[in-house]
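Following this message is one structure expressed as structure tokens.
Labels A, B, C and D are assigned to the chains in the order they are written; within every chain, residues are numbered from 1.
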Amino acid sequence: MMPIPLSWWLTVSAALFSIGVYGALSRKNAIGILMGIELVLNAVNINLVAFWRYIAPTDISGQVFAIIVITVAAAEAAVGLAIIIALYRRRQTAVVDDLDLLKN
Amino acid sequence: MQSLIDWVLSFQNPWLTEPIVRLLSHLVFAPIVAVAAPAALIILTWLERKIIGRIQNRLGPNRAGPFGLFQAFADMVKMFTKEDITPANADRIIYNMAPGLGVISSIMTFAVIPFVPGFLGADLNVGLLYIVAIGGLGTLAILMAGWSSNNKYSLLGAFRVVAMMLTYEIPMVMTLIVVTMAAGSMSMAAVVEAQSGMWNVVTLPLAFVIFFMAGVAEVGRSPFDLIEAESEIIAGFHTEYSGIKFGMFMIAEYVHMFALSFFAAVLFFGGWQVPFVDVSSWSGPIGSILGLISLLIKVFSFVFVMMWLRGTLPRFRIDHLQNFGWKFLVPVSLFLVIVVAVVIRMFAPGSDVSVAGPLSGLVPFGEWVALLVANVLVVVVSLFVVSRVARSSQDKGLRAVAAIEGVSAK
Amino acid sequence: MNELLLLSPEIVITIVAFAVLTLDIIWKGDQRSAKILPWVAFGGVVVALLATLNVWPASSSEFGIATDSAGLIPIMAVDKMALFFKVMALLTVALVGLSAVEYIEKNSPFRGEFYALTLFAGLSLMFLSSATNLVMIYLSLEFLSITSYILTGYLRRDNRSIEAALKYFLYGALASGVMLYGFSLLYGATGSVDLATIAVNLGSANVFLVVASVTLILAGFGFKIAAVPFHQWSPDAYQGAPTPITAFLSVGSKAAGFAVLIRVLVVALPAYSFNWTVILSMVAILTMTVGNLTALWQKDMKRMLAYSSIAQAGYMLIGLAAFTSQSSDNWSNGVQGVLLFLFAYLFTNLGVFAVVIVLENKLGTTNIADYAGLIRRSPFLSIALVIFFLSLIGIPPTGGFMGKLLVFGAAIDQKLYVLAGIGILNSVISVYYYFGVVRQVFFAQESDETPIQPGFVMNAVITVTMVMTLILALYGQPFIQFATDSADILAATF
Amino acid sequence: MPFDPSQIPIVQIVFFVMTACAIGGAIGVVSSPNLFHSALYLVLSLFGVAGYYVLLSAGFLAVVQLMVYVGAIAILILFAIMFARRLMGQGENQNNQQWWLSLPIVMILFAVLVGVVNTVSWPVSGAEPTGDTVMELGHAFLGSYLIPFEVVSILLSVALIGGIFLAREKVEAEEA
């Protein structure tokens, strides 16, 4: 019994994806951007699990993919926050607009 | 639980379809568990004060009621009538949400505890992971409390808790992996079932010791009670809380401790199992009651041990705590996981001869002995390494370690 | 062939990388970590290179490791193209590692982490070149990215390095999220994560869905190869990163992006009747033109090389566009051209960066203005620089010429005359900024005329890259054969 | 007509509650002027997504989501925000100058994606997941997906090394 059609999941996922992209594009603080990116990855995972459940439930690959995505996201967040902290130590800011040392 | 549902279903009432009955049974039993756990707080606080009193050659509470039994009620009345203060610059919403979240997260852990054969809130096939997952919510509550109070001691306290919880969660998860491998499942009920021959504490003593140490640290009790090291950071993350909200943090802490005792009993001491008696095969409620009594005896023994620890040991220093966690518990527990995995593979039955372990004929007795030997071996090796490092710490060893940390070895 | 043997290059690199870390801890505060570690790492790369060549004859099988025969899902392919990219990855790591020895010793107190992370980055390139499964592609791409972020921020006391790392990280993480969303749609369209199965199921999939997902995926790959309009990160990251890492990013990261792009285009998408040539041509034209035009007014050498490498990616995209058009029989020429182009580009670009590193070690700057009068201070470096620039422009007798010849040839072969024309026009534009540097080197006046003597290792690196750049053109036949072999096997599997 | 309790669309109701959490939380993440609140909204959103996994009968994934995302990533983000309180720039606008530009772009993106996923006739298979998915996942990770599994472990070590390397306090040797 599938009381919820697949397209509902995909719509929710598309919404989460768009909100995440918006967050990444519109936030000026690096941590805010990072949070937007986490939303994008969650949207991806909803897609993967929904497709697994509805289209290929007998092959566990979709869930494997989702778990790998979660793990990699954790590694990525750890490194990203380390970079942000390192930058904060030196510059007392994490606002991306303030970073203007690199230019011609 | 299932039998109860079947019994209700036998009425054939059109309203009482199976999902509804299931929902109703949860609606009835969940509050019972949820209320029983905090209610145990009343007994626990009294017990704690009495025991600590005895350890310190005092009488403990003895004014309210016989043996001071009503002391807890008196405390409760005091707490309810105290003024509820919110600091002026606090982040009000978060400040008020934090205690509630703390209590909820501690009570939610009870959902997966098998109290008696066939009775537990939810037999998740990922029960063991569920404990860890819910633990994260408790950490979140503390972070929220520490941040929203707008008090530097609260913030520092929250930092300490989180650092500690993250550190000790790793060895704890490692021991859970060991238990999972031994039981072949992550369901709590299956873990209890798997111990019907031999309790895990006998075959995996090191895992139990690590689990208990990490657990006590997770709960934040002495000697790991840096959260509220009053000589350093006043009362840590709940410095600003008073009245009922402070009481909720108290409840969360005691329920957490209670839950930890349950987990120790379930994961390592056979849960509701009674030694040499198979209570699950008894029909009728006697077996269940016996199982519950057996479980509660174990649980209260752990509660007692934790109080005993608090009365005996001094507090760790924060850096010692981190060093102990990262440089001793984490490597040892990793090592243990590997060794136990190898041993269990050796005895794995397997679906056919080609994938079965070479020693699968010796199950179960040989496996128990081998696991025990493996545990002892890990203890011996790790203690040997520690003593070697300690002995040479005057020269290069410490410098190497210090260099990793980024602490200059002066 | 034994699966473990097929994986032996990766295993060797993993072991050596962890060994480097361990030795670094043991030798901490000791001169050995500076003197011996790079050679431990280098030795590991050489062993891995030998292991790769050992696998060469047996390659072509797709495999995933399974404990039982049921439910085997292919994860990686060790075919000739994968091995070609593995050789490139190992060469890149070896040359980058060697040219970093002096630089790292001068700029950072931490050495073990650097060599270990460089090896890990090489490892991720190797996995990436073999991956035939969306899971593995995503995983190794992220592995590469995460290692690159760390390496970019390696000089953590340098504000610019850590700033570059942050910008790279934020762009990169968003790009990989977008790409991943494309992957998930592709998985939904076909119900599989294996490229070959995707190719089979794609025929019956919805057009809009496939176009949407592939567009998102191309955005992610475009980011990796710094194709316009996903290139904004690269000048900043290149300028701020430690120079050897800039070299690595400009070669390794780019090669890996092309490896995946080729594999996805070849294995998964040809079954789908959609003409990618237009999209790829547009991106190629944009990438070349924007890269070259922006490079014209750069004053910092690293930044200029960043734009130059964007332009180079544009030329390579011409080859891919030629490949996808498939209007005549010898359509694999495009891929073959890209492979040879990459091979030549590897030596040329690493050579340029080796020169830049030497000059940065001695002068402490990467400003083009400070290269004035270099010819009088070090004729060797000046000549090397000119040869590398000739190769980047594509003037004979250099490897870059051979690469461009094949790539543009393939485009003309496929009747993509406009594309090839714009490519040639762009090459002409690039002469201007490369010779801006040469003019500084040869004709500008500089009061300081102390000679610059590169160390032994740097001399060796520059000599090797220079010789290889020339050999590729003068005795190019074996290398062309090498690239052709790699491309042919690929076509055969498809 | 008598009220039939079995007609209560429990699953749908749960779905909408979870959607409220996930989407509402996500909007909070990108719109809250206070970074700490953003992070808490993120937790709410992640929680909603974990609920989705339960509805999609991927219980293991739900728990992993809670454990890794809520228990580790969100906590880490909160930790970083608390560590550097000045990061928050409390009270000031958290959006950059281009935010009004990205809004319509994202709207179009959303419209396109929704259009695509709702027009496609998905090849939905009626099959149920076979057996115990936890067991199956275990077999997958030690079978077909052994190599990715090992690579993930290497990746995590690299992230650990890199994270510590970048974020650790200044070392004396660096001052030289």
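FYI, a contact is a pair of C-beta atoms (placed from the backbone, for glycine too) under 8 Å apart; a residue touches a chain by one contact, two chains touch by 3 or more.
Fair warning: this is a prediction, and the values are worked out from it, not measured in the lab.
**Q** What is the set of chains touching both chain A and chain D?
**A** C
**Q** Considering C-D alongside B-D, which chain pair is linked by more C-beta pairs in contact?
**A** C-D
**Q** Go ahead and note the Å separation of the Cα centroids belonging to chain B and chain C.
**A** Their C-alpha centroids are separated by 50 Å.
**Q** If you average the CA atoms of chain B and of chain D, how far apart do the two points sit, in angstrom?
**A** One centre to the other, that is 27 Å.
**Q** What is the distance, in whole Å, between the centres of chain C and chain D, each centre taken as the mean of its C-alpha atoms?
**A** 32
**Q** Can you pull out the residues of chain B that are in contact with at least two other chains?
**A** Residues of chain B never touch two or more of the other chains.
**Q** Mark out which residues of chain C touch at least two other chains, giving numbers and ranges.
**A** 67-68, 71, 73, 135, 139, 142, 146, 149-150, 153, 156-157, 162, 165, 188, 191
**Q** In chain A, which residues are in touch with two or more of the other chains?
**A** Expected reply: 10, 17, 20-21, 34, 36, 50, 55-56, 61, 64, 68, 72, 75-76, 79, 83-84, 86, 96.
**Q** Spell out the part of chain D that touches chain C in their complex, as residue ranges.
**A** Answer in residue numbers: 112-113, 115-117, 119-123, 125, 139-140, 142-148, 151-152, 154-155, 158-159, 161-162, 165-166, 170-171, 173-174, 176.
**Q** Tell me, which parts of chain A touch chain D in their complex?
**A** It comes out as residues 2-4, 6-12, 14-23, 25-29, 31-32, 34-36, 38-39, 42, 45-46, 49-50, 52-58, 60-61, 63-64, 66-68, 70-79, 81-86, 88-89, 92-97.
**Q** Tell me, which parts of chain D touch chain A in their complex?
**A** Touching chain A from chain D are residues 9, 11-12, 15, 19, 22-23, 26-27, 29-30, 35, 38-39, 42, 45-46, 49, 52-53, 55-58, 60-61, 64-65, 68-69, 72-73, 76-77, 80-81, 83-84, 86-89, 94-99, 102-103, 105-107, 109-110, 113-114, 117-118, 122-130, 133, 136-137, 140-141, 145, 148, 152, 155-156, 158-160, 162-167, 170.
**Q** Quick one: in the complex, what on chain C touches chain A?
**A** For chain C paired with chain A, touching residues are 71, 73, 134-135, 138-139, 142, 145-146, 149-150, 153, 156-157, 159-160, 162-167, 169-170, 173-174, 177-178, 180-181, 183-185, 187-188, 191-193, 235-236, 239-240, 297-300, 303.
**Q** Quick check: in the complex, which residue numbers of chain D touch chain B?
**A** Residue list for chain D touching chain B: 5-6, 10, 34, 36-37, 40, 43, 59-60, 63-64, 66-67, 70-72, 74-75, 78-79, 82-83, 132, 134, 168-172.
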